[in-house]
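Letters A, B, C and D mark the chains in the order given here, with residues in each chain numbered from 1 onward.
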């Protein structure tokens, strides 16, 4: 069986769902950040797949993927930085402890 | 040289801001902490120059440059004007507040300018990559800004929530982008629209549309991606909140408009979706605002509901609707900036942010209270303020679509009653309630903050009276975006 | 007559309000009050001039004025909105009434307003502008704008200087009115849209929209527009299921504001019903006449019965207000000249009488600090002047002949009885009018009961020191009594102002 | 003569003018002198009296003329309301009666009220009443009648409540006005209906709207348009006005309470003039009532029942004024009864004779009360004949007159009985005779209790002044003679009979050839006198003491019924207490808790909805994400569903 676009799309969909799930259920903030990373990487695969199957001349998808990677890195870095600041204040990385702002 | 020409004709403000950012970065490293106040002045200067440079842009023709990834039309110029003036005011707001930033004042302005640059680019972006990058520039610096008070627990928490929510929604948006790219094979919006005009790809496109607007709905804090806003608005430093609820929203709307063009062959679906989202935003924002005791939180919910009103204009998918939305956006920006300015003046001097803290302030600081009241009344849509005109113009646009959109009108109208209730609650506290044991008097001198508050109030009233030019601006800018929408109701 | 400019009339109060509020103006209560009173007196005289130079037999608007903005365009050219004002038969009376009652309210303000004078007097003047704007605007949008504008000063006036649950009442008033006006906004926009569909012109001009009724608007939409307007005015008038703001607002408002509320603001509902629901939609009002009459009769009887059960003086007057405004509906539903003339006249009558009665309530409250009947009694011995004025007002209110209330009621009764606007409806005009006539008994009952409870009978020892009317109060009441007697004896003095207008209106109905 | 006819407006205008003069005189404190008020009042009435006399003579000389003049009061489209003055025989007669009695009572009032603080106020009210009453008499149309009908009502309200600091007076004034309003309401609706059913006739002919002169034609047209049932209802509505004003059952209860007012007022308004206005209005509306036989029947029975019941109540009253009040009520019943059976002239004749003698009786009672320091209870009087003989004799004249013993009441009552007899209404005749018996009984009872026997009271006695006794003497003359003068016996010297002067349709033919009826009624009245004498005249009383006690015991339920005024007042109070007030309370509660409650519930529920919605805002970012995604998916699904469907 040859790998087609659809397979990639399914993979991406699965990855995306995993990412969302991780985002929703994990209590550890680092895990949540990683889930975001999974989401972005799923999208990267999508771009790459589309570029590979549809846009051979310009490969804009790949370019896009690279942009995403760079920005994802920045985002995670920022996220971790914020997390550290948070940790300094509350000594916890459990998302349940960050619920002081509400209704 | 092509590149430079592009900059001269289309991206002069952005270039100036970039230059300012560079200068500021350097100064950040060079200056001692006590002297970092200079950066405040420099960023103000940069913004003012950039604002004036907008005049140099060719307003009446559409210019596409920067490898087709940036379009400068009248609409984008208007949006950039709004963004720049908004940022200018936000930075003015920080004059006294920045003492809370201790030794990191320079960074603050730097981040603010970067966010503004992202917003500027977003308002003219014409390429998916450009959109993404600009959006993230805006978002990332916003995350950092909301957590800027490092020692403050709620500021941290706000930043964390904002980042997680933002990351998720931008991922969803990117997912949509990838499909859009997959369907059309292009990342340039112009090309995408050309492709879509010639090919019929219904269902998938709808799905894509939903995914994409998720990111923008997050940015404008509309339902269902609104729940971050109250927490972040409450936790973040007040100027940042002001920035988020004004400039950031303007940018979000500016880019959202471009995508409603995706509604090629299935106008109804977009209208119904956006209409539903708009109404739900308005309703939920209003309902939640009713019981709020904290001004910042109340303003957050109010901003959710106000975003809903702008979305109504989009939902109509007509030029009159969009021009209504643009006018509404202008009115919202002015009034809400005024309100935030007032809140910041109050908050900086008293460190309080409950509604009951405002009790009886009108008789100690009549001008402050009057200005604040005018801004709130404008948000509520009471004459003679710009908010009243904006609401009227928007509702007028709804009716132009014919009786089929009456449900939208009726529900929106009913919601304005709710909103009046909580805006009046603040006004009541200021004018009616008796002051409690501890009374304080704000220092309301001729400082720049107070002057700007008075100036904004004057604008709120003047725009409510001399309304014709602004309606025409809104209409021209709506017409300048070439969108595949109905041309109803724009005759002279 | 170049010196008669509506613009001056309307915007002068606003400017004066600004002057009073400005920091340069001395913050001395006496100066502020005298200045405001003096100005309102001048305004009243100025508005009288309009009435004198008004030519009742010219149909259409007079003293037309349109403010042009830069480059001589209309106010909001793209939407066809213009800043245009004018007076016609029904508005001229209301303009004079407004300035008159504002003047009296300011005269009566001396004792009841004790704090924040600058704000108070300027808010009253802003309110004046809003009301004058409502009555004189020739543009629907402008009408709506003033309609909404009036809310804010009213909110402050009730909630700052009121008593009791003032904040609740003020909020209720504002939200209620706002609620109603939103339906009107919907109606206005739909009307504008259909005018555009038919003519390709955007306009909010009342004249244009009034005489374009032959354009093709689907019946159901027309009914919706009609009902939208109706709800807005029903809240204001008020009509029974939408009336509950009124007792609250009246009871908690300070005396002068109650006077204005009862005297002028309620009349805006009647004005709107005539100006829009009747003049603009003659064919719809014929269909909805049964609704008007049934609601009118319910208003009259229902509120009268409630008034009978009240234990609070001000509540009693408030409910009597509702009951009397029902007559306006009844007269309007008759759809004949005498009925509508009666409705107009009833607005005048009720304005004068209820303003006076609310002033009396204030007078008594100032002396005794109570409004509960069981705590009052026998005040006639220490306050004879107040007693006689109250008697006059109560008698006028219960429709004593040769006082102003009678002329109104008699016109309405005759109009409603001889009308055939309910043909084809399950109940006849005659039956409904007879039902409404029962109210003259109930009205007499509660008003005389009130008179008896307050002024007659044994006096409580503690009121021995209650003093009689102050000069200000006496002057205000005298000013109110003069037209009550004068127009009661000679109603044509007023009716001739709008009779041609009403004739024209009715002949349009017949088309 | 012509001058007075053409300027008849002077008669009501002068009192109005005097009213304004007194009013403004008081407001600006121009004068303090009591005589100025008196002069203004009495002067205006005197001029009116002189004019009325001239007008009456003119009318006697030219019996067929009726002059009217109208001013357009209100012109609204096709309905034009006028006010004016109409002079015909009836009006001329009434003018003389009203002005003459007014004049005397005004003079009397000076004596009665001299010590009162509210002297000027009293005269202002009095003169206001005069104005309204005279304008009512001169009304040209039903609309104008309604106006002044209410104005006399309000004057009566003001005067009953003259001593407003007395709770009972305040209560009585209110009661009088409200009960009169019930009548006014009927009158208003009747007028409206009459106008409605004959509208075309009024608008097509150029007549004054609702004018009396052509009411008959309009009425028959209305009958044709409305049909007998609706027309009956219409006429019933019109009849309600007179029923209330003339204190007929069931709206009679106010009259006894109205005695709380100063006694001259009771004499003028509540005996002689205003209450008679009801009968006057029936006379004016006769063309309409006549068209509906059912209404005439109702009128007869209302009159008869009132005459009977009021008389039975009067029997046991101990308050002298209440006794006279119920007597008035009963006599008014007589008049209405007469109008109902078609004895138009007889009814009006009785009105006039009654006006004089009842006014006099009241003034006598006023003099007694005044001299006994406001003592009204007859139980504490007695033997006053020796102290105030003038009052006693005038009272006796009045008693004889009202009892129908030869003096004026005899002639007018005789005319009524005669017409009943002629028409063969035997039941009514019997009722009328029983009433006549009771009238004689209670009047003599009061006379004996007050003036004969020993003084039983404790109050210090002081003699009434001349100014009070002179009017009594003057009034005694017409009280005694007017019946005889107009009975037709003096035709030889040029004074015709009353029914040849005032009649409806055609003059009644001379029919009383038989002496049976007069003798019968004289015997009955004498029996009444004897019974009263037996029971209350001390000289006779002792003889039959035991017997009387037995009777009293035996009849005690009836006695109770009578002293409690047939429980009408209690019934009314119950009606108000257990029906009207609960209804209004109920509606008020409904309004407060249902309508307003609904509104408030909307508000509160909105706030709670807000609270409920904000529960989702629990601070946990993951909850936010879940809700956001779920609602996003929900929106998409809904939209797709809408789109697909």
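To be clear about the criterion, contacts are C-beta pairs under 8 Å (C-beta built on N, C-alpha and C of every residue); 3 or more make two chains touch, one makes a residue touch a chain.
Since the model is a prediction, treat every value here as computed from it, not as a measurement.
Asker: Measuring between mean CA coordinates, which chain is farthest from subunit B?
Answerer: D
Asker: When contacts are scored as defined above, which chain pair ends up with more C-beta pairs, A-D or A-B?
Answerer: When the contacts at A-D and A-B are counted, A-B has more.
Asker: Taking each chain's centre as the mean position of its Cα atoms, how many Å separate subunit A from subunit D?
Answerer: Inter-chain centre distance comes to 97 Å.
Asker: Subunit A to subunit B: how many Å between their CA centres?
Answerer: Spacing between the chain centres: roughly 27 Å.
Asker: Just give me the whole-number Å value for how far the CA centre of subunit B lies from that of subunit C.
Answerer: A distance of 43 Å separates the two centres.
Asker: How many Å are there between the centre of subunit A and the centre of subunit C, using C-alpha atoms for each centre?
Answerer: Taking the average C-alpha coordinate of subunit A and of subunit C, the gap between them is 65 Å.
Asker: Hey, what residues on subunit A touch two or more of the other chains?
Answerer: 20, 23, 98, 100-103
Asker: Counting only residues that touch at least 2 other chains, which ones in subunit D make the list?
Answerer: Counting only residues that touch two or more other chains, subunit D contributes 614, 617, 619, 621, 625, 629.
Asker: For subunit B, jot down the residues that touch at least 2 other chains.
Answerer: 160-161, 164, 168, 230-231, 288
Asker: Determine which chains touch and list them pairwise.
Answerer: Touch list across chains, by label: A-B, A-D, B-C, B-D, C-D.
Asker: Looking at the complex, which residues from subunit C come into contact with subunit B?
Answerer: That would be residues 69, 73, 75-79, 116, 141, 145-146, 148-149, 151-152, 155-156, 159-160, 166-167, 170-171, 174-175, 178-179, 182-183, 185-186, 189-190, 192-193, 196, 200, 202, 221 of subunit C.
Asker: What part of subunit D is in contact with subunit A in the complex they form?
Answerer: It is residues 614-615, 617-622, 625-626, 629 of subunit D that touch subunit A.
Asker: For a test of understanding, state which residues of subunit B touch subunit C in their complex under the given definition.
Answerer: 363, 377, 382-384, 388-389, 392-393, 395-396, 398-400, 402-403, 406, 409-410, 413-414, 416-417, 420-421, 424, 428, 431-433, 466-468, 471-472, 475, 489, 491-492
Asker: Using the touch definition up top, name the residues of subunit B that touch subunit D in the complex.
Answerer: Result: residues 160-161, 164-165, 168, 206, 210, 214, 223-228, 230-231, 266, 268-269, 272-273, 276-277, 280, 284, 287-291, 418 of subunit B touch subunit D.
Asker: What part of subunit A is in contact with subunit D in the complex they form?
Answerer: 20, 23-25, 95-96, 98-103
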